[in-house]
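Next up, some structures in structure tokens.
Common to both upcoming complexes is subunit A, partnered first by subunit B, then by subunit C.
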Partner chain A sequence: MIEVLLWAPLAFALAAALFPGRIAGWVVAVGGLVSLAMAIAIVVGFDPSGGLQHTVDESWIPTLGVRYQLAVDGISLFLVLLTTVVWLAGTVWSALNPPERPRLYFLMFGLAETSVLGAFLAQDLILFVLFFDLMLIPFYFLFGSWGTEHPGRPEEDEGPIRPQPATLKMFIYTLVGSLLMLAGAIATGVLAADGGSVDFNIQHLAADPLGSGSQYWIFCFFAAAFLVKMPAFPVHGWMPDAYRVAPLPALALFSGVLSKVGAYGFLRVVLPIFPAATSHFQEVILVVAVASILYGSVMAFTQTSARLILGYSSMAQLGFITLGIFSLRADGADGAVLNMVNHGLVVAPLMLIAVLLVERAGSDDIRRMGGLATRAPVLAALFLIATLALLAMPGSANFIGEFYILNGTFQSKIVYAFVAAIGIALAAYYALRLYQAAMHNRKPEGIESREVGLLQGAILGGLIACIIGLALWPGLILHRADDSVSGQLSATSEAPTEVAQR
Partner chain B sequence: MSFNAPHIDYAGLSPVIALTAGLVLVLMVGLFRWPRWVLPAMTIAVVAVTAGLALWQWDEQQDLVAGALRLDAFGLAVCLITCLSAAIVVVLAIREPAAEEAGYGAFYALLLGSVLGMTLIAQAQNLIAFFVALELLSIPLYVLCASARRAEPSLESGLKYLVIGSIGSATVLYGFALLYGGSGSTEFTGIAKGLAGDNGSDTIVLIGVAMVATGLAFKTSIAPFHQWTPDVYQGAPTPVTAFMAVATKAAAFIALARLFEVALGPTADDWKPALAALAVISIAVGNIGALGQDSLKRLLGYSGIAQAGYMLAGIVVATEKGLEALVFYAAAYTLMNLAVFAVVVARERESRYGDDIESVAGIGRSRPLLAWPLTIGMLALAGLPGTSGFMGKLFLIEASVDGDYTWLGVAIVIGTMVSLAYYLRVIAAVWMSPEPSATPAPSGPGAAGALPAISGGSPEADAIPKGASRCWLIVGSALVCGAATIVFGVAPSPLIDWASHAAGSLTTTVS
Partner chain C sequence: MSQIGYMVVGVGIGAYSEGLFHLMTHAFFKALLFMAAGSIIGAMANRQNIDLMGGFRRAMPFTSATLLIGALALAAFPLTSGWFSKDEILDFAAYRGGWYVIFTIGGYIGALLTAFYSFRIGFRVVFGEPVEEARELEQGHLHHAEPENPATGEKEDTEVGFPGPSHQIAEREWEMKIAMSVLAFGALFAGFVQIPGVDDVVHKFLHGSFLDSKLYEQGPTTGAAYRGLLIGGLISVLGIAIAYYAYIRNPGWTAELQRRLPRVHDFLERKWYFDEAIDFLVVRPTLATGRWANAVFERYVVQGLVVAAVDLVRGASAGVRGAQSGYLRSYALLLVTGFAGLGLYFLLQS
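Here is the complex of A and B:
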């Protein structure tokens, strides 16, 4: 079942190459649907206290000690579901209005979904790194080939941004991190084996951690990979350019899911395998997280491009998630898992809504938008719900997630919690600013307010329904994630840290 | 004391005999006029038979020709790799003016001669045999480089290669003399015995080791002895460049490994840091040098320097795992590089841009069957997952960490990051650039030199009729190499087992 879940998107995408371009998108969408069905089946049959489930363990490269190991647990469960939901939405959205060279475009969609799912499911460290690196390739093609030139910010003497250089920048930035991670992963396995047979199983590595000297430098390699991917504050340089040129449906997937892989990596790999280093560097990462929250929020309410507002808001939200993980408390990490799913569900529809805004206003500059709500009540309602969820309105699942995160942080590092709390207020400002500027205000000349189409509305409606569903029933995730999260944290809480005394 | 005629093991020598006989045959048959497919087909048949015989002898392990050669899978691996590259190079040379004009089958005979040299050098375990094989490998290549006789760059490239190659050979020979002086033997095992103990740290011996390393570094284009590589690669006819890039490299590395592991094993502590330093310099020089290149052949030349640095890591760690990684990488590198070169050859004929990066611009739309192998090859050279290049890097890094050279593994990774900038530039040209309009012929500084068709004034390049320039065999070989690169990236175990068997056969000799 888990293998069908993983490989169906790629298989259908390869098959789609045999079909005419018109229906290639729909073939890939069927693959996404198969994956979604499998994901739902796994969620339904999930045993909250069962640890790793649906385990697949096959020999792959015996000489190097690499095994093909997949499994799902409480942490990856809903991220897998999120991936399949968002991907299906993005694929159908693109299939409705296929771009040029559709077969290649949708092949990349399928490849991307498989590699992201692979990263969530992999239980072998090398396999994880492989999928982690692999997912960059399809997005390189998607952003580079189907990206559009963005005028930039002429008022700040910024010239137009072309897709190719922006994409190259993104690729190199991200791969610098992940290649270092590859070296770190190999070193972990080889050093842990200590002359014996090499084994890269994450749980086996966690059971027998390295000496703290090795942990420190390998931790830095892994942290670099994950922080760039998110992106976090000092290493986000690729994000503004890449977000402005990317094709929006692909960006919805990228922003909605890929940024979570970094945070997931911390929970899955770093905390259990490098407990000593995690405690050692806890403060550093917390500072990075808080800086991301503040910087992302401030940038989000000074930008005029809708894409960048969403991009920087993601940065702030990912800061919260990192904060929760590195509070090294079960509450905080629970909230982080919940918010990973929440944020993916919120930002994906907002990116798709941005497609509609750009269609209507002709650019993504919110100063040229306005009054789009007048003739489009459904669009406005959908947009409003997503916006309120983005700013973590009480009643939304995002609120619950942030509450858990801050609760965890308060108990371990109270100073950071106070500073981070400012971020919530800032979020309200930038989220409402985007909504207001686009939907309310006076309608400028030459912009028409048009209702969302039926099919596109259905896609958005589906995603919004997921948001509402989670808001009503966040325990769905928290209940299932709790055991696994505690398991990941057990290594760090056992390690002698100053966490508890503070 | 009676004289015993040496026992000749014909079965063990059969690959070498087949190559020699084939070489002579091709040369003789080439004296007469035949349809143009006869000689290439014969050459491919010869290398196919050789490869078959090598596979037949795959499990054998014994000394040949009074101990001058060693028959083991390690040497035969080179035979297989070079036979494969030679077969594909013959396909690439179809309709190549150099191959058709270099009179009477000389092109093919020289190619086979070089393959013979490579097979021998990988098996040699005697300094004399090693040097003879080195020359047999090199001299045909000097001629092949210059075989496009009417194109000035080709002649220049041949001359340059001859001069530099001779310096390299001479340096190796001096080094051998010193080694013989220091150890009192020309046999690899004898040298190892002679160098054991205090002898190994003798100044004469160390100078000898350094000179051998330097000379072979010229051949394998390891920085800082690499300056000839981009020029020669660019000037030589592209199929010859492809052959040099893959086969020479594989053969020279395997030979280097045998020489250093078997003969110079006792001095390992002295040469390991030196080779590690060379590896890092190569990685840095190759990757940085490739960044500004517009000519694909120059770019691949620099990339080859960097790749040589990666492969050297396998020798540096001097463990069985390192050798396995080396053999695996050499085989994987052959496939991915041939995929790329096949596309370069095809585009050189189809477009008017020679080997400039413009020649592949926009082929994602117009020639997808060429675009895919090129993309796969570039991704593999960059070591991205899903390709055999990733597995090769994984293997090399794991071997480095395992052999206490973790920093070398990190150097490989950092080199890979830099390399992305130029490999991706090619991919971006393929998929994300519009095809240059066909009408205006290229001009200006960017095109000069890169274009034998205009700069050398060679009429034969223009004489190829447009329709005939699309050769399905070339596209086919590009696709096969690209597909193999993906297959070994997803299921590398067969190739890894093959490499392990090859490397294992050498380590049993050592111990």
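Here is the complex of A and C:
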């Protein structure tokens, strides 16, 4: 079942090459539907205290010690479901208005979905790194080939931003981190083998950690990859340009899911395998997380481009998730897992709504939008629910995730929690500012308020229904994630003795 | 806001059931006041300025009656629900004694002001000379003002943006009448569930939530409670009397005061300059940080990092490219030097 889940999107995307362009998108959507069905089946049959389930373990590259190992546990379970849900929504949305060269476009979609699912399911370190790097490539093509030029900010003396240079910047920036991670991963396997046979299985590597010195530098390499992916505060330089040129449906998938793979990587790989380094660098990463929250929020409420508002807000939200993970408490990490799913579910419909806003206003500049709610009550309602979820309004699952995260951080590093809490108020500002500027106030000349179409409304409605459903029952995720999260953290709770001795 | 203050004081000093009782009664009379006010504003085509209102008692009798009922309850006039709930909180503060008496005194001063302001609205809107809207309503037709933006007063272009003039005479709808009647009933009679010495429905109801509390079972004696209620009632009547004097017997008095004490008036009208303070201390620094982050930090530091990396690579590659001169003789020189060096190395090795 897990194999079908993983390979169906790619298989259907390759099969779509045989079909005429007009229905290529629908073929890939069927593949996405198959994956979604598999994911739901796995969620339903999941045993919360069962550890890793649906394991697959095949020999792959015996001479290097790399095996093909997949499994799902409480942490990856809902990230997999999130991926399939969001991808189906994005694929169907794109299939309704297919772009040029549709077969290639949807092939990229399918390849990307398989890679992301692989990253979430992989249990072999090299396999994880492989999928992590692989998922970047379809987005390189999607952003570079199907991206659009963006006028840039004249007040910053920016010229127009073209897709190819922006995508290249993103690609190289992310890849530098990823290649460092590859070096670190290989080093981990080799050093852990200690003369014996090389084994990259994550569980086995976690059972027998390396010495602190090695852990420290390998941690830095892994952190480089994940922090650039999310993106976190100082290394987010690729984000503004890439977010401004990307085609919005692809950006919905990118922002909704790929950023989570970075956070997931921390939780799955770094915390269990490098516990001493995690404790040693905990405060550094907490500073980075808090800086991401504050900087992302501050930037989000001064942008005039809807894409950048959502991009910087993603940075802030991922900052919260990192904060939760590096509080090194079960509460914090539970909240982080919940918020990973929440944020993906929220930012995907917001990006798709941004498509609608751009259609009506002609550009993503919020200064040229206004009063779009006048004749579009359904769109306004859906947009409002997503906005309120983004700002973690009490009543949404995001609030619960943030509460858990801050609770965990209060227990371990109280000052960081105080400063991060400011980010909550700032989130309210930037989220409501976007909504108000787009939907309320006076309508400028030349734009029309139009209701959302039936099919597009159905896609958005489905995603918003997931948000509401999760808000009513966050326990769905929290109860299943708890055991696995405690497992990941158990190593780090023993590690502090090393630091104390220094 | 000020009634919430009473509730918070109540809960803060340990008068839990009294504070929550005031929450309950306040819900009734405040909701009633809002609905009555909304009814009047609707009749005024969405204009809220009470300077433009007056004399609605014959034009909208039901609304006027409910407005006055709500005002009586807010002012804690004897026998209304507000009287019981507000004064029971102040009784408790007096019972606690010591420094808590500050709350009692402050509370009574607040009650005087509350009575005054609730009847400021009551007298100005209900009594007095009917304004145009009220006069026309009495005669059965609506007064149509020029449509304008309620916030800025600019004349409306009904083709764009705000909807046109809307007159709703809400009290004509039976739904409104039922809703307001229910609230009026509550505002008048909800107080009778907690009469000191007679019944204590709220206190008993909440008992289970405060089992661990040391203060819950304490309270003033019935005699002390009635003393407090009497004082509260007198203060309420006094406040209403002052409002009557200011707005009915001697209508120009407040305008005169305003002329005599302009700076005090300004300070109070500008809400103690709180809005300006918040703007200065919170809003402006945050926005300035955002602008700085955008214009300086993002541009020079973050993108600078990227640009520096690119320039480094370009520079290095330009340097290395220098070897590709295209001249055959320099390639030959490089070849010969390389081989000679290699030969020298192996020679030295052996």
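Heads up, the rule we're going with is that the second predicted complex is superposed on the first by the 496 of 502 C-alpha atoms of A that agree within 3 Å, B and C clash if a C-alpha of one lies under 4 Å from a C-alpha of the other, contacts with A are read in each partner's own complex, and residues count from 1 in each chain.
Here, contacts are C-beta pairs under 8 Å (C-beta built on N, C-alpha and C of every residue); 3 or more make two chains touch, one makes a residue touch a chain.
Since we're looking at a predicted model, the values are computed, not measured.
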item: Three-chain arrangement built on subunit A, subunit B and subunit C clash or fit; value: clash
item: First (subunit B), second (subunit C), both or neither touched by A:Y295; value: second
item: If touched residues of subunit A are counted for subunit B and for subunit C, the larger one; value: B
item: First, second, both or neither for A:V419, with subunit B first and subunit C second; value: neither
item: First, second, both or neither for A:R442, with subunit B first and subunit C second; value: second
item: First (subunit B), second (subunit C), both or neither touched by A:W238; value: second
item: First, second, both or neither for A:V30, with subunit B first and subunit C second; value: neither
item: Selected from 127-135, 199-207 or 307-315: the stretch of subunit B that, after superposition, runs into subunit C; value: 199-207
item: Complex contacts: residues of subunit A adjacent to subunit B; value: 60-64, 66, 101, 104, 126, 129-131, 133-134, 137, 140-141, 144-145, 163-164, 167-168, 171-172, 175-176, 179-180, 182-183, 186-187, 189-191, 198
item: Footprint of subunit A on subunit B - complex, ascending; value: 324, 364-365, 379, 384-386, 390-391, 393-395, 397-398, 401-402, 406, 409-410, 412-414, 416-417, 420-421, 424-425, 427-428, 431-432, 492-493, 496-497, 500
item: Of subunit A, residues touching subunit C in the complex; value: 156, 169, 173, 234, 236-238, 240, 295, 298-299, 301-303, 371, 426, 442-443
item: Subunit A contact footprint on subunit C (complex, rising order); value: 160-161, 286-287, 289-291, 293-295, 297-299, 301-303, 305-306
